[in-house]
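The structures considered in this document are given below.
The same chain A turns up in both complexes below, where it pairs with chain B and then with chain C.
Right, the complex of A and B next:
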């Protein structure tokens, strides 16, 4: 398979894939923002760009996987050699993230057109797609770059585009505006913290290249500037990743932004921030630095567990489906942080595995909700009553993803929770494993409420015939739902990727 | 191709048929699936080689054994598949896509679980039995059924989670995931024991059984009665054979349901209590753990599946035709339902262990095994329970449904497919119970497929000896005679008649007194407990809501209410840790 891809791909694509995957949406975004018409052309352009980026990410994946244990591709931007020039550095860890982001972006852009037509004013649609592509490009850039300051630039690019996208939800619900401004302020604080942290590191080492930073930081133990830099970076990226208790921008942003944006952000934005966090914790800082005195565990573990419990409880008491799912997202971030905070290869692998699976299930759940918004214009749990009968295809996919979120056997969610529990038990953290199981029971409750309304309650308004969502929406939705089942039955492919990603951090990789 | 088919766990055939049935709107096709799948699975099982890992799979770094047949799993799988076929015939008149599909998947999951070789795959099918079977309870559509179904689901999902957790703990302690004989002691093993205990209806973990089974649909109860608990018995026999505590657990399980069954009015609930009591015999035999005892447990499970299904089927037919299964509302049905009456009597005779019926040849093994290790008190408890079985299942069930006072009801005979299914089960009950006139005939056939069929003591074991028959007939005839006399003089209200005259009069007094006393206490304390529980949960709920709801404390964290502050707090925390903790 890998050989086949490498044979088919043209040589220029293989040589320049790390740059092309960024440059393509960077150029196409502004162009599509000024395309005429009702936005249809901009939409088609978005689909083409995201499809091409998905292909590029597959080529990158094949290149990385062509070597046993994962190759490292270093690409010097503009021919300026690292560590002075900006370096793009692709290894087994971030190729996984690149592929996830571009694949989800491709699926959401297919499914997005009907919902955008319903939710966004005609004159704003082209602009919307432009902003989406910039956001997409920023996320890819964060994942691909090997330069700490360049990461900040991409982070801000994607964030600013995201604020615009969230605010465009005001056509449907005016509360999108305060949600966007809140997100903007919080996101800016987070990004500032990050850049301050990078500043401290630069002051201590004189370099911004991550690989070089890792080498320079090796003999700076006890340096106060490095420690302060670490604290700032942890909090800054933690905020972007919606680490408890810095998650409070997320529920409103997910609830009030356009359906399309919610589906995309829920599956990608926090995931990329978690990737950046993992990159800094394990590649840039040394394991000894992070785990000496278990200092990392002292922050990440309690925050992860608090998220798993508090946000699951919060999800139980919500009346709005999108809000329930948003709180559940924060709780799931808790699982990932818990896996990462173990500091073992198995833990990081489980965290990355859950990251991928969570993107697939939350993407599917929010897509199904988008279908309901489209045909019924309601997102309260009450509005979902009886939809199992009137929209069986949408709701069956929703149910599959919900079961996966709960962690029912034969779904992706079970596999990654299982991997997480095994990793916890292997380190002797049985109490944390028990909390994982308990928090899954909470997930049964909050998803069960919705499923009960969908399948067991009579429709609110039997006269009003509700329709199935359009095919354009059902297709991507079912791709994600089936992906959940496929990984649940045979997860070896994704487990292999996650294991390679974790291995890349623990042996070799950047260092 | 043949090799591929031979390497598929027969349970998966049923699960697949269940999935297809769920997608098929045509009733005829579903009927074909329901009948065809068990037959195909039976052939696959009979053709399967023994004692090797037929199908394995590597997942998440574990070696999973998906299909492995040995003499213990064979008899349970065989009994399950026969029951699946009989149940399919019994439910042929049903036109419910959901129920057909769920029943098939449920039976398939139970069969598949029998042939798993490791804890992970056992867990998967274990949970599948819970999730699919609950729909058979929901389907009857009443509010009470829904609530009982939720309680049932909760306990069974908990059982699955305990099993998974315990299995993984065992794996990390020993590096071995396979299902094998375990010693109680490690926390992981305890969790597995508890998981099995919930499904097997151990004392205090048994409440779901009599709660949920009577509330399921007519056909649903029949399906439920055969699989879940016997799967747990199989799992216990595989892992905890010879665990001494099981002798006592089993003995207690045989005794206490007798009291409840005596005073219960709903005949399907009486059968559920009696089911719990029968499980006690098997658990006790597993606790004894000798080859003879394990043979007894397996034989008892096989026969039990048949006669319990038969009894539930006959009560189901009554419920189907009259709309009630309450003793007080039934009576005199033999006039218009003669075949159902006959089959019910055969089931009753089997469960009461009359000679020439299946219960006699299976229960004798267990009783002899318990006597064989000299456990006198458990043996007496089992004897008492045997008499109790005769009272509530052997006499009470047929008497109050088909004879007794005439209720005036004149329902039609049960539908032909129900009669056919009952006839098949009755045939097995008698066929297995007959003396072995020829080798391989009657009980000899059953003894030949037992897990330790080549055990010398079992090979020589002969249930039809003079003293066996004499003892059993003394017990039975005396009880029946007493019942007849009491009936004639009409001295006692129905529920008190025919109680255990063969053992000891004190037992009777104490037993009934205890049942009455506990009933009174329950009616007095029950509402108070419910009220207290309601207040406590209500308070906890409002606390939780105050903290977590959309208007709650935690949700107030907008920008100015603290989120920006939290960043500073967390930064301070991170700094402090970076500075001081090392």
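Right, the complex of A and C next:
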């Protein structure tokens, strides 16, 4: 399959794939915002663009994997050679993120049309798709770029588009507006902190290129400016990634934004921020530096564990399904941070593996919720009662993804939690492994509440007719649900990608 | 000690502005004031970058005089102006070019140039950051307008109260007969 795409791809697409994957949605976004009609043409354009980006990311994957241990593709933007020009640098780590983001974007844009027709005013739909493509482009840019300041620009591009997308949920519930402005204030603080950090690094080294930074930073141990810069970057990216005490913007934003946006953001936005965090922790700064600052053991580990416990408890007491899932997202970010904070190749690999799996399961869960919003207009657990009988296809997929979130064997969630626990035990952190298991029990409780209402409670409204979500929605939903099962049964492909990514950080990669 | 503080006046100004901005952002309940705080905060970052790029005795980063040979710098009057200008620019400060973090502008003072120039890169970066900041502010203000239309207020504590009432009403609707959870 991959070989076939490589053979069919024209030479220019292969040579310029790192640039095309950004330029395509960047150009198509504004164009589709001004397309006439009820937004149907803009939707088709979005599907085409995301499909092409998925193909380009597969081409990049094939190129990276063509060399044993992972090649590094360096693309000089505009022909200006790095470290002075902006470099796009694709290795085994970010090709994984690129593929994840573009694949999820493709699936969500297929499933999006019915829910957008129901939730967004007709005259705003084309604009909506334009903003979506800009958001998508920004996320890809963050993943692809090799320049620290360029990363900020892409981060803000995607964030600004995201604020607009979240605010558009106000057609259904006005609470989307305060959620959007809170997200805007918090998100901008996060990005600004990141810029301050980059400024300190620039002051200390005189370079912005990440690979060059990594080299220049090697002989700056004990430099106060570098340490301050590191702290600012950690907090800034932590805010974007919804690291535990900085996650306050997330639950409301996920609860009240349009279903389409929630499904896309939950699966991609925080993941990309975590990627950026990993990139800075392990390839820009060296492990020795981080441990000198003791930030992994003293900050990331406690924050990860606190998220796993506190947010799982908060998820238990929510009455809204989307809110439960949002808190669960913060808890799952905790798992990833815990894996990353181990500082070993196995830990980072487990973290990246869980990152991919979490994107697949949360994408599926929020898509199923979107189906319910479409047919029954409710997101409270109360509204979900008895849906197992009236919408069996939607709810079976929901149940598969929920089991995967809990970590039941034969699902993706089990595989990545198993990898995480193995990595923890290998480092002798048996207490952390126990907390992972305990947090999974909490997941049983909060997902169990929803599943119980869905499958074992009588419908609240007896007139609730048998009403399934449309095919356009069920297709992508089931693709994601089956992907969860496939990875759960035979996860070698994704495990291999995650291992390569971790190897790229620890051995080759930027350095 | 006093000298230590005075030498870093630009950094004190930046820290002061940054704190004012963050304090306004967190303490105010009025959404417009919070956005103003955000802008002040971002402005302090712009100042931070600009003061990083400054080098003592450095001039605007446009090649002139002997440095601009082959770039049209051979006009007679240009050379005359440059000679007058260069006298005070070239004198002085290559040795103590900047202090603290600012000395890192990566050898802008060397590279065989006759004059000392400020580092232009942070200026360019900040042009981008200004554009991003303006876009964020515009989106933020647009959302505030919509909040005013939907809620009739822009005080975030009043909005929170109204949302809480809605949530309680929803809960009461779902669980008839139960005591009010609040």
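We adopt the following convention: the second predicted complex is superposed on the first by the 502 of 511 C-alpha atoms of A that agree within 3 Å, B and C clash if a C-alpha of one lies under 4 Å from a C-alpha of the other, contacts with A are read in each partner's own complex, and residues count from 1 in each chain.
Quick note on the criterion: contacts are C-beta pairs under 8 Å (C-beta built on N, C-alpha and C of every residue); 3 or more make two chains touch, one makes a residue touch a chain.
What you see is a predicted model, and the numbers here were worked out from it, not measured in a lab.
Q: If we overlay the two complexes on their shared chain A, which of chain B and chain C does A:28 touch? Say first, second, both or neither.
A: neither
Q: Check whether A:418 is in contact with chain B, with chain C, with both or with neither, and answer first, second, both or neither.
A: After superposing on A, A:418 lies in contact with chain B but is clear of chain C.
Q: Name the contact category of A:330: first (chain B only), second (chain C only), both, or neither.
A: After superposition on chain A, A:330 lies in contact with neither partner.
Q: Give the label of whichever partner, chain B or chain C, reaches more residues of chain A.
A: After superposition, B is the partner touching more of chain A.
Q: With the two structures laid over each other on chain A, which partner does A:170 touch: chain B (first), chain C (second), both, or neither?
A: second
Q: Examine A:406 and indicate which partner it touches, taking first as chain B and second as chain C; both and neither are also allowed.
A: Neither partner.
Q: Would you sort A:225 into first (chain B), second (chain C), both or neither based on which partner it touches?
A: second
Q: Please work out whether A:481 is in contact with chain B alone, chain C alone, both, or neither, and reply first, second, both or neither.
A: Neither partner.
Q: If you stack the two complexes on chain A, which partner ends up touching A:185: first (chain B), second (chain C), both, or neither?
A: Both: A:185 reaches chain B and chain C.
Q: Which partner does A:156 reach: the first (chain B), the second (chain C), both, or neither?
A: In the superposition, A:156 contacts chain C only.
Q: Taking the contacts chain A makes with chain B in one complex and with chain C in the other, which residues are shared?
A: Touching chain B in the first complex and chain C in the second, residues 185, 189, 319 of chain A appear in both lists.
Q: Could you please specify the touching residues of chain A with respect to chain C in the complex?
A: Residues 149, 152-153, 156-157, 160, 163-164, 167, 170, 174-175, 177-178, 180-181, 184-185, 188-189, 192, 195-196, 199-200, 202-208, 225, 319, 380, 382 of chain A touch chain C in their complex.
Q: Help me check something: in the complex, which residues belonging to chain A touch chain B?
A: It is residues 182, 185-186, 189-190, 193, 224, 227-228, 230-232, 234-235, 238-239, 245-246, 248-249, 251, 292-295, 298-299, 303, 310, 313-314, 316-320, 323, 408-410, 415, 418-419, 421-422, 425-426, 430, 433-434, 437, 441, 444, 490-492, 495 of chain A that touch chain B.
Q: Hey, which residues of chain B end up touching chain A in the complex?
A: Touch residues, chain B against chain A: 59-60, 123-124, 127-128, 131, 157, 161, 165, 168-169, 172, 544-545, 547-550, 552, 554-555, 557-559, 563-564, 566-567, 570-571, 573-575, 577-579, 581-582.
Q: So in the complex, which bits of chain C are touching chain A?
A: 22, 25, 31, 34-35, 38, 41-42, 45, 48-49, 52, 101-102, 104-107, 121-122, 125, 128-129, 132, 135-136, 139-140, 143-144, 146-147, 150-151, 156, 159-160, 163, 166, 170-171, 174-175
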